[in-house]
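What follows is a set of structures for review.
Next come two complexes built around subunit A: one with subunit B, the other with subunit C.
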Partner chain A sequence: MSFLALTALAIVRLKDLFAVVMLSGLYSLLSASFFLSLDAVDVAFTEASVGAGISTLLFLASLKLVGRYEKKSRYKPALALGIVMVTGALLVYGTLDMPHFGAVDAPIHQHVAPRYINDSMTEIGVPNAVTSVLASYRGFDTLGETLVIFTAGIGVMSLLLVSRQTKDQSKKKVPADMQQQIILRVVAKMMIPLILMFGLYVQFHGDYGPGGGFQAGVIFAAGVILYTMLFGLSSAQRVFKRQILELLTAFGVLLYGGVGVVSMLLGGNFLDYNVLRHDPVHGQHLGILLVELGVGITVASVMILVFFKFTWRTVKHKYNQ
Partner chain B sequence: MNIIGLYNYWIVVLLMMIGFYIVIAHENLIKKLVGLSIFQTSVFFFYISMGKISGATAPILDEKWQLYSNPLPHVLILTAIVVGIATTALGLSLVVRIQEAYGSIEESEIQVQDTHDELENHLEAYGPGPNFAILNQDLNK
Partner chain C sequence: MIYHYPVLQVIIPLLGAPLCLFIRVPRLVGFFAVLVSSLSFLISCGLRQQVHLYGTIVYELGGWAAPWGIEYRIDQLNSYLLLLVSGISTIVLIAAQTSIKKELPENRHIFFYTSYLLCLTGLLGILATGDAFNVFVFLEISALSSYTMIALGTDRRALTASYQYLVMGTIGATFIIIGVGLMYMMTGTLNMYDLAQRLPEVYKSKTVLCAFGFFIVGVCLKLALFPLHLWLPNAYAFAPSIATAFLAATSTKVAVYLLIRYIFSVFGIDFVTTSLPLHDIFLVLGLIGIFATSISAIYQRNIKRIFAYSSVAQIGYMILGLAIGTELGLTATLLHLFNHALMKGTLFLAIGAVVYRIGSSQLNHFAGLGKKMPLTMAAIVAGGLSLIGVPLTVGFVSKWYLIVALLDKGWWPVAVLVLISSLLAVIYVWRVIEWIYFSQPRIILDDVREAPMSQLIPIWLLVLANLYFGVDTRLTVGVSKLAAQSLFGVTP
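This part shows the complex of A and B:
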């Protein structure tokens, strides 16, 4: 925890944005281990793949587009510092009433959590309580969050449109920057199938161990992004066509919503998986599997598309110069 | 005991304030986004710290264990992380477009250009009127 604070302080001081981004990757990795030590295995999983992997990459890609150094600010930050101090002091005062760390009798553990832990095995039949809460008890939330990811994906796509001209210019081939790195390429060739396999494992094993659609989507996307970085955009886009990816983004959300509609048509509530099969527990299994698949598809294709868009921008800049 | 029991929350407040400071005191838009994500993670730490029970284990149900940490914050945070990266990507693409339009991602430089444009529009529409002097003053500041 204290390491986290130190890293964050270093981020404030540094002017070199490249170092800032690298440090924030480190920060994510530290926070993943912090989550792990607090029993939040699923969260640690997500943070490690998202924070330390994809977000660092996206920041680096945009640094390539906007330049590496921060300019020196002309203003004195005294006022900002004052505001921050006052807010911080008020917040610390607020924590004095908080239940102590690790207390069993804290209010948060009294409301719905006992039901999730005690009854989810009989009601849902899935050992991982996080998955059953995510996909079943709070299925509406998760649908909303998938929609947010979908919307953000659309936003990035429309902001970073790639003109046909750029594509024609680079029709021949977009050469990979790392063509010469033989060791990296060989190692990556061995790693990528394993990463993709692991992504699928996380996807379908999310009921029993830590994992699920969100993590799996990000891990799968990370595999594809690794391939793109080392072997060039053209060869990656031969397999992952833009049109297909765009369709898949929408398909994931539709699959999720579709499960809800089907359960409504079968006489239950929206996203009530009990009615999908004769046996409620089997119905829940099927529902969770489909919903997680929808989440995974959307997350993976949005992440891959976003990365492609950023890379196309760099290609465009290169050709315009 | 009192100090140790609240230590996590204080670090959360510290991190949150560091993020807040970066957002309001720095002019570089990329740095601001990094600050925003620090702010965001501090909220994640807060939730996960609240969900922890001493002596409990991860909420994957098994007969050998009786006490589990609260799964609800885990669910909320794990979706929030993925939503966070999606929105950060959106923010980064906005930054890229701003860089292309203005040639800079420093807030003050963008503002100068905006005032300049406003001034030109004003001149085009009304000619040098009474407001002109005020705008011009702003620009020279």
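This part shows the complex of A and C:
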């Protein structure tokens, strides 16, 4: 915890944005281990892959656009500091009456959680209770979250549009900056298949261990992004075409929603996986597998697309020369 | 099929939005969006009918019963607002077909319609759900898509406005999620109905008080209550006209709904009145908000900004109604919610039509348009009169109820202040009218014609609604009264 606070302070003070990005990656990693010590494996996993992994990469990509150092500002935010202090004090005040940490009789352990823990094995048949809450009991929230990712993707797509002129130029091939870094390239060539495999493993193993669509999508995207960084945007885009990626972002959401619609047509409620097969537990399995796949596809394609859009901005001037 | 109505009206736009990307032809996407939105509208009409006949409808998503799964709970209050949001959305989308074509470059059309449908999904989702966390998820969807829509505005300042909104909106959302998280910690449930049952046990705890405080501040940021309204004028002024019309008419209303829902159905009015001097706070902020922003509106030069400030002032009236804390006051708030959506929908659509013809929303460019675009200008006048609260318009009905509620409570000084504030509205509306009808044109208007039919029809639909609901108040007043009664009835 004290490491967390220290890192946060350092982030605020530093003017070197590169260090800030690195530190915020560190911050995420620290909080991931913090979550781990709270036994929230899935949350820790997500924090590690999203916070420390992909968002650091995206920050770096945008850093390349805006330059490394922060501008000096003369703005002295005394009022803002006051408000933040009051907010913080309120939060502390709120903790006074909280149930004790780890107390068995705390309300969260008494009300809905027991059913999740005790019955999810018979009702859903998935060993990882987190997955069953995420994808089935509260599956509609997860659909919403996927839609949030999609919305963010739409935002980036619409604001960083590729114009027609640059579209033609992108057919030309441009060497990446890292052409000379032979060690990096060789190591990365060995690593990337492993990363992609690991992504797929996390995707399909989410029922049994920590993991699932969100983490898998991010890991998969990180593999592709690594490739792009080392071998250049144009070679990566030969496999991941922009239009196909755009469609994939939508396809993931549609897959998720489609499962819901199918379950509705089969006579259940929206997202009721029980009706997908004759046996409710099998139905749940199939449903969870499909919706997690939908989540994975949307997350991975949105992340890759966002990175491509940023990178495109940074390398654009090279084409124009 | 009727059984699935509660969820269908949300998932039709939800699935419609990604489908937009598959259609790829901008014109078709436009039509498709209208189709999707009108389907939602029809379903919400059906839902309203159902609620009217059978009372509250509960729909369990994923087939899991309430505290474990997520449920949709449609009652008097939200069926009424679902109808409003999906209806306004459909009308605005009809006008969007021509307006968007003119205002945005072609390669952005698809993204605009996708964001629009996403925003609609988010708003409908917030309204329909009976789950505290689900609210947050859909709030994020609607917020992210409105940032996108605003940033798509052609003016470069749209980006800054959108960014400002993004920062403020994210703070609001974070506060809301802190509130929800603390409530979950104290009760172990996320279902609103269940929360209402379990919260009274822990009313005394500081954590719940803290949760309540964070939640209220977060929602007030979203609904742009005065001093937290700073994001709104710029966001409304620089967004594409269609986005402004849609957001002004619906988005803040949904936030007001959220406030009402949590105060009455989750925390319970007893807790709210005893724990914090919320009514006094709302009274003071509401009144200051009405005056400060109405006066700001008088000094604006951009017509979109005039009415954006006026929106904040109208929010003040709604909060004032809440502050009264009686059933009559709540009825006034709900009425004004509905009526204000009609007024602002009309005004911003009409302004959108002007932007379509002359490409500007500066007030002095409106000079002389009274002769060139008589029907559009008449619509602006009608909307303006309604905003002031002239009899025979909806504005009169809701102000009337507000003043009756204030007098009933014995707060006659406040009632007088409300009347005075209406005079401020007269001033800023008159400024607009003066420029439109009594000034010499500042720019060449020779080739300016009346707005196209596809925009005039939606505008006049809304104008007629303004007049119709101003005369025949059975539907709006009836439903508002029922909703207010049920909200006061369910409180433990």
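Note that the second predicted complex is superposed on the first by the 312 of 321 C-alpha atoms of A that agree within 3 Å, B and C clash if a C-alpha of one lies under 4 Å from a C-alpha of the other, contacts with A are read in each partner's own complex, and residues count from 1 in each chain.
Just so we're on the same page, a residue touches a chain if its C-beta (ideal position, glycine included) is under 8 Å from a C-beta of that chain, and two chains touch if they have at least 3 such contacts.
Since the model is a prediction, treat every value here as computed from it, not as a measurement.
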Item to check | Clash or fit (per the criteria above) of subunit B with subunit C on subunit A | outcome: fit
Checklist outcome for this item: Rounded to the nearest 10, the angle in degrees at the CA centre of subunit A toward subunit B and subunit C equals 50
Checklist entry - Does the superposition put A:Tyr273 against subunit B (first), subunit C (second), both, or neither? => result second
Next on the checklist: Tell me the contact category for A:Phe59 with respect to subunit B and subunit C: first, second, both or neither.
Outcome noted: first
Next on the checklist: Quick check for you: in the superposed arrangement, does A:Phe140 touch first (subunit B), second (subunit C), both or neither?
Outcome noted: second
Item to check | Touching partner for A:Glu292 - first (subunit B), second (subunit C), both, neither | outcome: neither
Next on the checklist: Taking the superposition on A as described, I'd like to know which of subunit B and subunit C A:Asp207 touches: first, second, both or neither.
Outcome noted: neither
Checklist entry - If you stack the two complexes on chain A, which partner ends up touching A:Arg115: first (subunit B), second (subunit C), both, or neither? => result second
Next on the checklist: Just checking: does A:Pro127 make contact with subunit B only, subunit C only, both, or neither of them? Give me first, second, both or neither.
Outcome noted: first
Checklist entry - Does the superposition put A:Leu254 against subunit B (first), subunit C (second), both, or neither? => result second
Checklist entry - More subunit A residues touched by subunit B or by subunit C? => result B
Item to check | Per-pair minimum CA distance [subunit C against subunit B, superposed on A] in Å | outcome: 6
Checklist entry - Which subunit A residues lie in the overlap of the subunit B contact set and the subunit C contact set? => result 91, 95-96, 98, 106, 108-109, 112-113, 116, 138, 141, 145, 148, 152, 155, 159
Item to check | subunit A residues within the subunit C interface of the complex | outcome: 90-91, 93-99, 106-113, 115-116, 136-141, 143-145, 147-148, 150-152, 154-155, 157-159, 161, 246-247, 249-251, 253-254, 257-258, 260-261, 264, 268-274
Checklist outcome for this item: Within the complex, subunit A is touched by subunit B residues 1, 4-11, 13-22, 24-28, 30-31, 33-35, 37-38, 41, 44-45, 48-62, 67-90, 92-97, 99, 105-106, 108
Item to check | Residues of subunit C touching subunit A in the complex | outcome: 4, 7, 11, 14-15, 17-22, 59-64, 67-70, 107-108, 111-112, 114-115, 118, 121, 125, 131, 133-134, 137-138, 140-141, 144-145, 147-148, 151-152, 159, 178, 182, 184-190, 198, 202, 205-211, 213-214
Checklist outcome for this item: In the complex, the residues of subunit A that touch subunit B are 1-2, 4-5, 8-9, 11-12, 17, 20-21, 24, 27-28, 31, 34-35, 38-43, 45-47, 50-51, 54-55, 58-59, 61-63, 65-67, 70-71, 73-75, 77, 80-81, 83-85, 87-88, 91-92, 95-96, 98, 100-104, 106, 108-109, 112-113, 116-117, 120-121, 127-130, 133-134, 138, 141-142, 145, 148-149, 152-153, 155-156, 159-160, 208-210, 212, 214-215, 217-218, 299, 302-303, 306, 309-310, 313
